[in-house]
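Down below are the structures I want you to see.
One chain, chain A, appears in both complexes that follow, with chain B as partner in the first and chain C in the second.
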Partner chain A sequence: MKRIGMSILLWMAGTAGMVEAQPTNVGQWGATQPFPYVSVHACLLPNNKLIFWDYSGNARLWDPVTTAITTAAQPGRNTFCAGNSSFGDGRLFVPGGHIQNNVGLPSASYYDPVTDTWTSVPNMNAGRWYPSSTTLANGDILVTSGDDNMAVNDLPQVLQAGNNTWRDLTAARLGLPLFPRAFLAPNGKVFFATSTSRYLDTAGAGAWSTVGNTIFSGHDNYGSACMDQSGKVYWFGGGDPPTATSERIDLNAATPQWGAVASMPQARRQNNATILPDGRFLVTGGSSSGGFNTEDGPKAAMLYDPTANTWATLAIESDYRGYHSIAVLLADGRVLSCGGDNHANGQVFSPPYLFNGARPTISSAPATVNYGDTFFVGTADATGITKVTWTRLGSLTHAQNWDQRINVLSFAQAAGGLNVTAPSSANSTPPGYYLLWILNGAGVPSQASFVRIGGSAPPPPPPSPPVAPSNLTAKTSGKRGVGLSWTDNSSNETGFKIDRGTDGVTFSQIAAVAANVTSYKNNGLTSGVTYYYRVRATSGAGDSAYSNVASADAR
Partner chain B sequence: MASVWVGFLFVSSGLATPTRNPYDAIVQRNVFRLHEPVPPPAPLSETPTPKDDGELTLTGIVDFRKAQWALIILTEHGMAPRRYTLPVGQKEDNLEVLAIDATTATARVRHGSAELVLTFDRHGPPDQRALEELSRKYVEQARPFVDEHTRAHELREQRESERRALERATAEAELAARETSQQQ
Partner chain C sequence: MKVRAVVLWLALSTCVSFSQVVSLTLGFDVNSPYGLSEPWFTIRNALLRSDDLQDVAERPDVKTATANAITKGGVLPDFDKLRKTVAESGAGASLRGVEATVEGELILRQGKLLLRFSGKEIVLQHLKELIQQEKKEPKPATAEERSAYERLLGKADEAKRWRISGPLRWKSGLALEVRIFEKAKPNNSRG
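Right, the complex of A and B next:
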């Protein structure tokens, strides 16, 4: 039993914020929740859980309804500083990771929220530390940039979702910034909103085309970029010292070029921009001071209206959120802001629209739709609905939400609900899970329903390595040469690796030959020495077992 | 005699922890009530159903000789938490206090159509300060890594700013040449 004085004081402290807030105008921050780890990466999953992990890849699940934090399956490698974006079926793809600063892992895997499992895919060409991961219109995922070993990996690669194999864009090698902000554009190419902005055409071997420079050169030094419903990409903040400059480029224009829009009320870097259900952007966290991550105190949320080109300053968060912080839109219309170096906690923001009266309610919605479908959304509030949108589930790290985007959906009132039409283009709406919102005339959104568009069944498991060759024979061939031949037992190899040794025990690779080749001549040997050989097939899925060992003397 | 109960929840249960984790010590203490992964979630084809009735947290019971109050927080999905200080027999919104027993530190309430007994064991708030302390210790343990990581980025940004400047100059020249070509 506690004394009354202390108890009442505790309670009063808890209510103080309620009196001061004017949520109708500035929204409201909830209580700060301690987290067991800093949420460097965070992704909303189709089961309405948020997976997050920290500097060591410790994966946890946060439940937005109960705020409970539970242990997720562990990725089996350090996924700190990896990329993250979603497949069309809701699995979360995570390429690369951390070996040490500026040295990345070549491995990649995906997290399946249904089975709570991680599954590896074949390694990338090399390590990637700070790569970007971008879901394409066909559900494949483009991976770019990231440091391999103190230098950037300049080869763009596409993970083909249908068979989990990599396609290298060998004609598009280019050094890019770390974590380049990339967006699937209305023309189907990938737009890189980097200081020098470009399109990457991912067809064939890939091709770059220059679009132009941003006005402010340093946005991609930890500013946050996002795309609106009409193919316009925005930059908010970044640079050192940070900028308040905001700019926009219209990717549907004949000749897209960056132009200034209203500056933020306060300069920021390490900030997060979140698309809200009504199409406005919420900018949270960040530092206003020079330096990489100067902790200069908690920040007000800022709200940008892209239609009116105006900013509003909202309620101040309780904690500083800088480098390694995230902000993600939740299915109830609130925004979780959490993490940042030295801040293992989170806080949920209720935007002003949640205080503008009763929320419309979705009573039914389909779980999946196809492109161009008209589908029925049940609601008793149909007559009051003025806008229907959906937003792609967010996946974040390093001041960027890699998956979020919004579509405004056309709709018509119907008996007991709305007939809503899904977008017809996968360029504007890459396959995957979206939060479906209905909004009334006061701009109040419903709670969202999870709806999947496109995205077929999960792809088959990773391909198996090829079958080992057999019947290897070695014969003395000419002067100081040995001829090899073997039987190719595989139908999916990309080549063969040939090993040689002189004791029959230790071997090293001496050559590689192409697929379907079944012989090799080893020249330049030393007369009188017995040479031992073995062969294995190889493919993107790995190497086969070895063949039998065969030997021959060189003359 | 006036008395007040304030709820604290202390939890200690087992937890399977990942290996090679520098923060194992924190995890093993498990004050966050982490547990083994729950059974697989509902299939993706099922739309998640938000909770409608919200959760009640008993934060205090005040017992004066002639009056008693229950201090309760209601957390509803998608809403800011609401706090209530209700005597027996008073109803506010969807919540009514039916009885308060200061001896056992319980409050019987009707929440919507459901009637339940709130206890500090089951409905009390977690020990926020203990959770914060663990987060603070984690942050302190991580700080050397964070500092080194930040320094690495500061160095890399120096290189990046040079690359960026060169790239911008090249792009400007390319676009100028393209424009000239189009004009001709």
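Right, the complex of A and C next:
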């Protein structure tokens, strides 16, 4: 036993970013609590219960206050390997599930925490095993990927929350990784942080546009991705053998591209990244060795500060948490880390901020706010508050938290509390339940209040018309034909309109071609006539400006 | 997906017209308990990022743990580099082997078969082991596949140009094991 303890100390001493082992520096893990099942999926609900289920979809509720575990209503199908994300009203949507490895269920349903019931929605187009589920700005939910029958289901579908019907994005069929990490982006599209990263525009029949490549191609392989308050998406770990590489992309940049940030103190895969109330990221669990799920011992938690771009190594968990483990932020500011194959238990981590002095308290907060509202938060600690945030309730499986995100809220001191302003954009803050935090100058967060936003979400900002095409050329092509080609400068067009004239001044539209098409052949012309052409991109938001005019003679 | 398949086919046809390496079938071993399906996109993206291949199938054949690929310019890629790309992809995978489909001129020299293509001669050999097999479910070659080399030897004087498919070996000189063969079609005889 002494040898093991010494080994751990030596290992800790050799770990980069190690700080003095006091709770104020490294936090503290609580006692291990047995769970009846491995919590493969776990979601924090608006009633402050955590619903979790195992390999057979056995659903249970864990109470973070009492630690009691009770039986929840059962989904009536195997929700193992399904997706999970929340509707704006707090219901938990669960698409797909498990028939056998790589063969998914086409069924989908939602759990209502108020009534403790599961309700089915119409089946999806086909099965989905390992799909992603992403809540959109209007409260609809996008479902992508997942294996149907040994092959990935390439049709993105949107469940329309208003009437529980599916809208197929038929123009956006694309093979994606299983459980692709997807985020509602500031521009209203869905950003897929896959190794070839893309935006999916869910309007109409859907459209993809490529953003760029990650530096390390293996993050998709059980790394954990999350988004900060300013629209930056991060990758932490993943790959086999695992990487310590961390990357970031700023979705608000004019040309977003992945770039390296400080590497983790230790390589990990099957790790979980959790956004904390102060905007830092806690990375827990995972394996550091090669192999799919190598049980190479319990791991230290690691804390990333995105502002300072630094890592700190925190206290070591008691159990190994690898494949099929989860970690979720609780309303008291702690983090539950639990599950993993062969580890039917959980352990709660108290981050260092809980040892930095007295916590501010929230005495009152509204249950519901609207976009852009200024609302009152009662607190006797108002003068000491330096930051107000909220974090969306976590919803996890397979090393990814599909729902979590954070907003920093602007605020002003008021008598007896704070006037806090809710975000005005549903793109940065999809409708749903959030944990509202107030933090003092020492970075100590309050206990959170559950606040729902989205009662009257503003319509998403109108989409911009596409950018005009350029470099139009016209060349005589065969008998009585002219061939056109141009450069597509737009990422959101639904097609191109082609105009023709014979004097270079007046034009009329002669054809329309689909998005991403950059050439057209105009046949059946009159020999000896000079024809003039121009092209413009079009979308539901309108038409672009015209390209240059190009001309050619028909032979 | 259908569009992608058509594009792949068109590219393949182009390769046939201008070169003699028709296509490759890449075989993989993976750490994932779910076979090639799960890490496939990681592997594929890494391969596409490298400069060695023109295109790689969007979907693998999970039953045989293989995927089809098209070479750039119809020439054989650097297989050691390809193997390194897969190993460093982060997918927990390794390149188990490569099967090539090649068109060329058959040569019988001192009782042994060679194939001339792209300005070089490649030794033809008996089939030893299939590329197309998932390691958890080993698949032996059929009797017809195992006898392919002898049968080709017996038909060597029937045509000059042949299309031959089989595992490539490159560690000690390039060699192609004969698994399937057919006479090259006349319109594919350039190169």
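Criterion: the second predicted complex is superposed on the first by the 433 of 555 C-alpha atoms of A that agree within 3 Å, B and C clash if a C-alpha of one lies under 4 Å from a C-alpha of the other, contacts with A are read in each partner's own complex, and residues count from 1 in each chain.
In this section, contacts are C-beta pairs under 8 Å (C-beta built on N, C-alpha and C of every residue); 3 or more make two chains touch, one makes a residue touch a chain.
Treat the numbers as computed from the prediction; the structure is a model and nothing was measured.
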Joint occupancy of chain A by chain B and chain C, clash or fit: clash
First, second, both or neither for A:Ser195, with chain B first and chain C second: both
Which superposed partner A:Gly238 touches (first chain B, second chain C, both, neither): second
Touched partner set for A:Ser449, first chain B, second chain C, both or neither: first
Chain B versus chain C as contact partner of A:Gly90, first or second or both or neither: first
Which of chain B and chain C A:Gly127 touches, first, second, both or neither: neither
Partner chain in contact with A:Arg173 - chain B first, chain C second, else both or neither: second
Touching partner for A:Asn101 - first (chain B), second (chain C), both, neither: both
Touched partner set for A:Leu354, first chain B, second chain C, both or neither: first
Touching partner for A:Asn221 - first (chain B), second (chain C), both, neither: both
Residue contacts on chain A - larger count, chain B or chain C: B
Region of chain B that runs into chain C when the structures are aligned on their shared chain, from 1-9, 127-135 or 163-171: 163-171
Intersection of the chain A residues that touch chain B with those that touch chain C: 101-102, 175, 177-178, 195-196, 213, 217-218, 220-221, 240, 292
Chain B-touching residues of chain A, taken from the complex the two chains share: 1-4, 6-8, 10-11, 14-15, 18, 23, 28, 30-31, 34-38, 46-49, 54-56, 58, 60, 65-66, 68-74, 89-90, 101-102, 113-116, 175, 177-178, 195-196, 210, 212-213, 217-218, 220-221, 240, 292-293, 323, 331-334, 341-345, 350, 354, 359, 365, 367-368, 433, 447, 449-452
Residues of chain A that touch chain C when the two form their complex: 101-102, 130, 147, 150-152, 154, 173, 175-178, 194-196, 213, 216-221, 238-241, 243, 290-292
Chain C residues touching chain A - in the complex, by the definition given at the top: 1, 31-35, 37-39, 41-42, 45-46, 48-49, 58-59, 62-63, 89-93
Of chain B, residues touching chain A in the complex: 2-6, 15-16, 18, 21-23, 26-27, 32-38, 40-48, 50-51, 55, 59-60, 62, 71, 77-81, 83, 128, 131-132, 134-136, 138-139, 142-143, 145-146, 148-150, 152-154, 156-157, 160-161, 163-165, 167-168, 170-172, 174-175
